[in-house]
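Got a structure for you, questions after.
All chains are identified by letter, namely A, B and C, in their written order; residue positions are counted from 1 within each chain.
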Amino acid sequence: MSPCYRDKLFITGFKAAACITVLSLMFIIFFLIYESSSILTSTNLSQYLLDESWHPTDGEFLLTPMIVGSVLIMFGAMLFSIPLGIFTAILIHYYAPVWIAHLLQRIVEILGGIPSVVFGFWGIIMIVPFLASIQAPGTSLLAGVLVLTLIVFPGMTLFACSALQQVNKLHIQNAIALGLSRFSIIKHIILPQAKPGLLTGMILQSGRAIGETLAVLMVCGNVVQIPGSLFEPVRTLTSNIALEMAYAMDEHRSALFLSGLLLMFVVLGLVLLSEKFKSVPITE
Amino acid sequence: MIKLPAKQQMADLLLKITSWFCGLLIIFFFAYLLFDILLHGLPRISLEYLFSQPLKAGREGGIAPMLLSTLLLLALCLLIALPIGIASAIYLAEYTNESQWFARFIQRSLNVLASVPSIVMGLFGYAFFVIALQLGFSILAGALTLACMVLPLLIRSIEDSLRNIPDIHRLNARALGLSDTRMLFQVLLPLAAQGILLAVILSVGRAMAETAALLYTSGYVTRMPESVMDSGRSLSVHIFDLSMNVPGGEQSAYASAFVLMLLLLIINLFSNRLSSVIQNRSTR
Amino acid sequence: MFFYFRFLFIVVLIGCENPTQQSSENTSDTLSGKLIITGSSTVAPLASELAKKFEDLHKQVKVDVQTGGSSRGIADVRRQVSDIGMVSRKLKAAENDLTPHLLAIDGVSIIVNAKNPVLELTAQQIRDIYLKKIVNWQSINGVDKEITVINKAEGRSTLEVFTKHFQLKNRDIKPDVIIGDNEQGIKLVANNPNAIAYVSIGAAEYSVQHGVNVKALPLNGVPANTQNLAEKRFPLSRELNFVTLGEVSPLSEAFLHFSRSSQIKPIVEEYGFVALLSR
């Protein structure tokens, strides 16, 4: 096979693969729309924002507290995970002796594969009683944030590691030759170069955070309300789906699928927002 | 050695301390978690546990079928997702640039896909793979669903790794007269190998940790699967059932969690070995 | 890279041996085929156990049990995706196209932390606690701590049984925590000395017997255990049903018959439910 022909074959293959990926997303969105269709026709948009509360068996579908819950818990978890991830990656790459770096990396990889159920379970046994001693009931926004951090930070660390690894070593060597301090090198040269990779990691892990279901279900209290403090229980869109899907019929079910669709829109909004940050110019 | 100004020294020290603090926090947390799991689960773990069938809803007996199901799920998921993922990433990185709408569209789609809640993915998998494609509750359906969940991570990571390779390598390859495909397989992919490895490890972790999506697709059955069309319970689903649904299942849940962590470690070590073998071969 | 693929491929090939049959036939003296049962996660562990025993008796039969909730059980049977559905409540009027086959009775009992000094709560007290008219344990047992009220999520049959018995409306209940599964409730109460919840009697009994930090409160003077439930002395109960649609295949019939036979009784009781025969 001539190289030209082989190339064309491969390129078509690659293009096809990319299209399959897009198709799968389309499928998922269509699926959500299809399943929510019954509720979309029987209620109107304002109900999701203005109804008194969430009592689907009575025909009330207020979603706002849960949207707020999902977003708050995601931001909280990312607030903790991003620095944790980046600093750990810095430690692994630039400060730690080789054996500790390897150990840490293996540990983070293992933590990233532990089912969220384990962390949720741990949360009920350790975190919730601890928080309950500060302020009842213990199952709260803060508990959710802490457990979610445990789930999300390994991925963030691995992404950060990958990003740091790809920084051009030549630039680092030049900087050392110029006598810059480690801190300066990291802050002004390495981090800006690693920025795209870090950003990818942040966006993907935020997605993971907002989509997490079981663990937050176990420790957040699941009361439908906009939390007044960190210690108050909260319900996320995902826990809502998990909690009620098993027993929901017809309209109730559609409403749950609709909340799933809504979640994806919220994420889309966050993704578009983050793109604004990406286009901030990197200092050369 | 050049003596750095005090301010720089302070910054250096601060960075060092923060990074070490994060790293040590993680190590201690992991140790605590591991200790906790072993404390509760060790009595159950034995060679027999690994190779026998579960009894009494998993409270007694072993986890052999679950181990096999998990391995099959993982293998199948990677078999499906890796080619599509790598191919898509190659297409995106090499044949499009970020200013084209198609590339941005796919990136955004992938970012949104990464945040689909696992339970929604499970319901989608159920509606599409189990029912529409008539695969029934099967490991195949589960693997396909897992592949959908893992694709965004794979593609975005690998795409980033490829984009990060400095153009000089591509120019060199061209100058030497290499065709696209040769350049790809002999130059670019080996250079991106570390990034690809990390992406794979991330995906393996995600797949192993996934519970809700598998509950609806590969199912709940505790029998030893005879083929990929059989329903099979993954370790994560088993842990979920034991800790949340079966009274008195905690000990077995802890034991299973430990086995899962061990499995992850083995897979990661193996992947690392494999990656260094590939890298060595290609740089010869 | 290709070596990796080859390895994965081999693993999968090993996995792909004999595809299972889909048909449900009845040969001369042994049953064969596959039965699919889906539905309630409360019934699922018991159903899995029954399935295993049934498979031991009939070597050619495969019974697959899947969870997903009572509504999944009903939907699947209607769509003929499954042969039998598991539902952890009585069928509603709108569901009269389905045939229920009563499997067992489950009770609902109120639980508090083992360290809680309270010995019994009256119906009025329980109502007031859940309506937040009483918010502190002080007026009940002298301990000055806020009560953490745990309720079940909407749609669950334990919730319906509870609200119906105590004449409460779910809208009026002001919970501090809402849970999904029984075990979640038990774990929360075990770790919180001020919590109160209601869960399946079987789950509560099992936990108490195995030293978990909870205790079940008697109702109207009747202690909450399966014995009393069986003798109909304990008032809060719900049905656990298998449901089918229309004509039932011989295989399904055999399984349903098996699940109500006397040899099943000890298994059902092990899960804390009351077997049909002892009623």
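The definition used in the following text is that a residue touches a chain if its C-beta (ideal position, glycine included) is under 8 Å from a C-beta of that chain, and two chains touch if they have at least 3 such contacts.
Keep in mind that what you see is a predicted model, and the values were worked out from it rather than measured.
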Chain contact topology (line, ring, star, complete or other): complete
B-C compared against A-B, more contacting pairs: A-B
Computed distance of Cα centres, subunit C from subunit B, in Å: 33
Geometric centre distance via CA averages, subunit B-subunit A, whole Å: 15
Junction residues of subunit B, two or more chains touched: 83, 243-244
Numbers and ranges of subunit A residues touching at least 2 other chains: 121, 242, 245
Multi-chain contact residues (two or more partners), subunit C: 41, 68, 184
Residue numbers on subunit A that touch subunit B, as the complex places them: 3-4, 6-7, 10-11, 13-18, 20-22, 24-25, 27-28, 31-32, 35, 83-84, 87-88, 90-92, 94-96, 100, 103-104, 106-118, 121-122, 150-151, 154-155, 158-159, 161-163, 165-166, 168, 179, 181-184, 186, 196-197, 200, 203-204, 206-208, 210-214, 237-238, 241-242, 245, 257, 260, 263-264, 267-268, 271-272, 275
Subunit B residues within the subunit A interface of the complex: 2, 4, 8-9, 11-12, 14-16, 18-23, 25-27, 29-30, 33, 36-37, 83-85, 87-88, 90-92, 95, 105-106, 108-121, 123-124, 127-128, 148, 151-153, 155-157, 160-161, 163-164, 166, 179-182, 184, 194-195, 198-199, 201-202, 204-206, 208-212, 235-236, 239-240, 243-244, 253, 257, 260-261, 264-265, 268-269
Sites on subunit A touched by subunit C in the complex: 53, 55-58, 121, 124-125, 128-129, 132, 136-139, 217-218, 221-223, 233, 235, 242-249, 252-253
Residue numbers on subunit C that touch subunit B, as the complex places them: 1, 3-5, 8-9, 11-12, 15-20, 36, 41-42, 44-46, 48-49, 52, 55, 62, 64-68, 79, 81, 181-184, 186, 202-203, 206-207, 210, 270, 272
Complex contacts: residues of subunit C adjacent to subunit A: 40-41, 68-72, 74, 145-146, 148, 153-157, 170-171, 175-180, 184, 187-188, 191-192, 194-195
